[in-house]
Amino acid sequence: MSDATRQVSTVDTGVEDRKTTIRLLIGLPLLCAVILGGWSIWRQTADLDDIEARQLAWGTILELTRQHIVLTLITTAVVLVTAIPAGILLTRGSFRRYSGFVTGFANAGQAAPVIGLIVLLAIWLGFNTRTAVLSLAIYGFLPVLRNTIVGLQQVDQTLVEAARGMGMSAVDVLRRVELPLAMPVIMAGVRTALVLVVGAAAFATFINAGGLGALITTGINLFRYSILVSGAVIIAVVALLVDWAGRVLEVLLTPKGTT
Amino acid sequence: MSTTTSGQPAPEKDSPTSAVSGAEIVFDNVVKTYPGQSTPAVDNLSLTVPAGKIVMFIGPSGCGKTTTLKMINRLHEPTSGTITIDGEDIRSKNATELRRTIGYVIQGGSLFPHMTVEENIALVPGLLKWDKKDIAARVEDLLELVGLDPSRYRNRYPKELSGGQQQRVGVARGLAADPPVLLMDEPFGAVDPITRQRLQDELMSIQEELQKTIVCVTHDIDEAIKLGDRILLLSEGAHVAQYDTPQEILSNPADEFVEDFVGSGSSLKQLSLSRVDELELQQPVIASVGDEGSAAAAAARAAGQKDVIVLDARRRPVGWYSLGEATRMSRLPQESHEDISVVDRRATINDALDSMLASSHGGVLVTGRRDEFLGVVTFTAVTEHIRSTSESSPS
Amino acid sequence: MVDFIADKWQDILFRSYQHVSLVVQSVLLATIIAIALAVLVTQIPRLRSAANMISAIGLTIPSLALLGLLVPLVGIGTLPPVIAVTFYATLPILRNAVVGLSGVSPTLLESAKGMGMGSLTRFRRVQLPMAWPVIMAGLRVSTQMSMGVAAIAAYVLGPGLGTYIFTGLAQIGGANALNYALVGTFGVVILALLLDAVLLLVSRLTTSKGIRV
């Protein structure tokens, strides 16, 4: 074992214990329902001025939410189709030696504030959704890459050798043994990426790429706390629900027999 | 013991009823040097593993026994020299295809935790694109063969099995595609002694039926003596210290290294050479599952026995009760709540002795192929045998 | 670019200092809070799952949303960033501290007890030093994250290099937009890496040689 691999094994992969997972699976939707319910009651009964009423119209909020979620999903899809193959590649044969360097580089890159990334890319590529997706995807890349590598490295090597010894091809071993066994860790990385992206998508509004961040900027610019707080609450609820969906996916995709 | 037997490989287990399905493996001047190491791990090994035999590889750790084993299925590639199976160079086809024709069983079974028992066993037949129906039938057969009830265990995950059961499934998985050669890498190293002995017995009875060529790495000299038709004793660099039958290795160690390795208790180890079926078995009156308990007890008492032995429909022992216990049962049940002491007829007398000490009946049941009941060995029979052999063979 | 930095280096240094100072103070506060909570959790095992849930949920809340909630409560300026950074920084440290403290073998603690150590001494001399490497790992994660959160805090007029990023955003199309955004972004990256190096060193120096990996 080299130093690099030993260090990787101390990385917190974000895999939760079973009890916490179950409680969160039940608790999160309940929590969100309570918050949303409370907010809806306030929304229906509060005395709103013209500006507030326009910004907090149900149609507007639904449209912003839709944009926010679409942005999150597209970005996550981009992250999945790039980071997982990259992680697989970095655990194969001669590419293995670069895995320490790449994760180190990605770790350092993670220190870049997402808002800086968005602004820099916007100066280069303009104010649009493509820029937002690209910068958010760069931001969400590391957790998936790192967990894919760690997950694959954690697979018991005797099982891999057993699989090879039984006559599985390299592709078979990867597809039928390594990936299923690495799935819990990879999925935890995907969930982490989802949460990062759904939160950072709030900045998309700064470069006219839509999303719920608009409520916050409007709230601050017009000094309307009702809009500001509404935006914050809804973004938080959407983020919690996306996290919940990620957890559901995680449970569904974890092979039976491994927990 | 006289030296006249030395030329003959004594414990040949050829059975006239079943044909040899194994293939001969030949090592010819095989060298394996790992990159960055000056001395070879395997230094010019030439060796013939006869078809249909069990050859045990044993030696101090780092002697190259595992490397030698893994060269047969090309998990390690020889630096030079050739290995043939059934006369064919193993490099003549690609490694993946070769491995599908060689069974591979490793310590603890190494079952894939995310697959059920059935999926684990069905893997290689699946890779070989067998028909789905054939695979299902094969899985069923193999589970029967290793003594696991298919309906009960087929859909379980490995973590829902005991260590011994996992190892049984590991053996079934190794045999799945009916390979002529089975490689075993310390297969029974991870289980407790009693379970290990059971698994060894089962392996021997399976081998009697299938006649594969089995190459098995072990670090346990008793296991080597018990299972091996031949033992390959290696010293560092996979130099052959002695390659012979267990008898010969025990009675005529080639040199001091072998003598030291085999150990000083070798006259006691001779006990490991005698099998249970060399003893006289008692044939008690038996009862069947579903019989009335009191009637069975009465029949046993009439025959002068102190206990009732219950067999199932396939004559497998499923219960062993005292007369009192049996009388209290209305019907003799299919499953006993306690373990009954059973040994295979190929088990060594040592094993039988061990099981007897753990049994409450002062004896042990002996079974044959597919766990069929053969008789009872009593403590008296064993002590009688020990006395007679120690008288006849002054050491 | 060179001109820009040469021209503004005093301001850049000042804002860098503000940024690091905000993060360091908040993380220190977070460390104290997290260890205190972790001790509580290890004393009362039933709280463990609750602690895990809070840190999981807490980390899910987007920073912009949290800042949005804080502004009506505490106004704009330095206070919302301090609260937000401390909040996020607490969670990874808490998570790791719980793992680290409860990972100390009970046999060790019992032998410490047998040697006549009181519960406070046991914590200070045995439990905390044993858990320290894990806690430090959490602290490093927290610090990296806090550098980014602090940059966002500039949106509610907090201190630090984030201001440059938002100035860059506001001036897009202007001559200095790129310079502002580059200095703001890479300034944070460089500071984060420097701070991480310092923490790695501190972690080395404060971890007993006997348990270093």
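By letter and in written order, the chains are A, B and C; residue numbering begins at 1 in each of them.
In this section, a contact is a pair of C-beta atoms (placed from the backbone, for glycine too) under 8 Å apart; a residue touches a chain by one contact, two chains touch by 3 or more.
The structure displayed is predicted, hence computed values, not measured ones.
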### Message
What's the contact topology between the chains, one of line, ring, star, complete, other?
### Response
line
### Query
Which chain has the mean of its C-alpha atoms lying nearest to the mean of all protein C-alpha atoms shown?
A
### Query
Between chain A and chain C, what's the gap in Å when you average each chain's C-alpha atoms?
20
#### Entry: Centroid distance [mean C-alpha coordinates] between chain C and chain B, Å
59
### Summary
Separation of the C-alpha centres, chain A versus chain B, in whole Å, is 52
### Query
Of all the residues in chain C, which ones touch at least 2 other chains?
none
### Message
By the touch rule stated above, which residues of chain B touch at least two different other chains?
### Response
none
### Residue numbers on chain B that touch chain A, as the complex places them
70, 73, 75, 96-102, 104, 106-107, 110, 112-116, 123-124, 127, 157-159, 173, 183
### Query
Any idea which chain C residues touch chain A in the complex?
49, 52-53, 56-57, 59-69, 71-72, 92, 95-96, 134, 137-138, 141, 144, 147-148, 151-152, 155-156, 162, 165-166, 168-169, 172, 177-178, 181-182, 184-186, 188-189, 192-193, 196, 213
#### Entry: Residues of chain A touching chain C in the complex
6, 10, 12, 16-17, 19-20, 23-24, 27-28, 31, 108-117, 119-120, 122-123, 127, 195, 198-200, 202-203, 206, 213, 216, 219-220, 225, 228-229, 231-233, 235-236, 239-240, 243
### Message
So in the complex, the part of chain A that touches chain B is made up of which residues?
### Response
158-159, 161-169, 172, 176-177, 180-181, 255-258
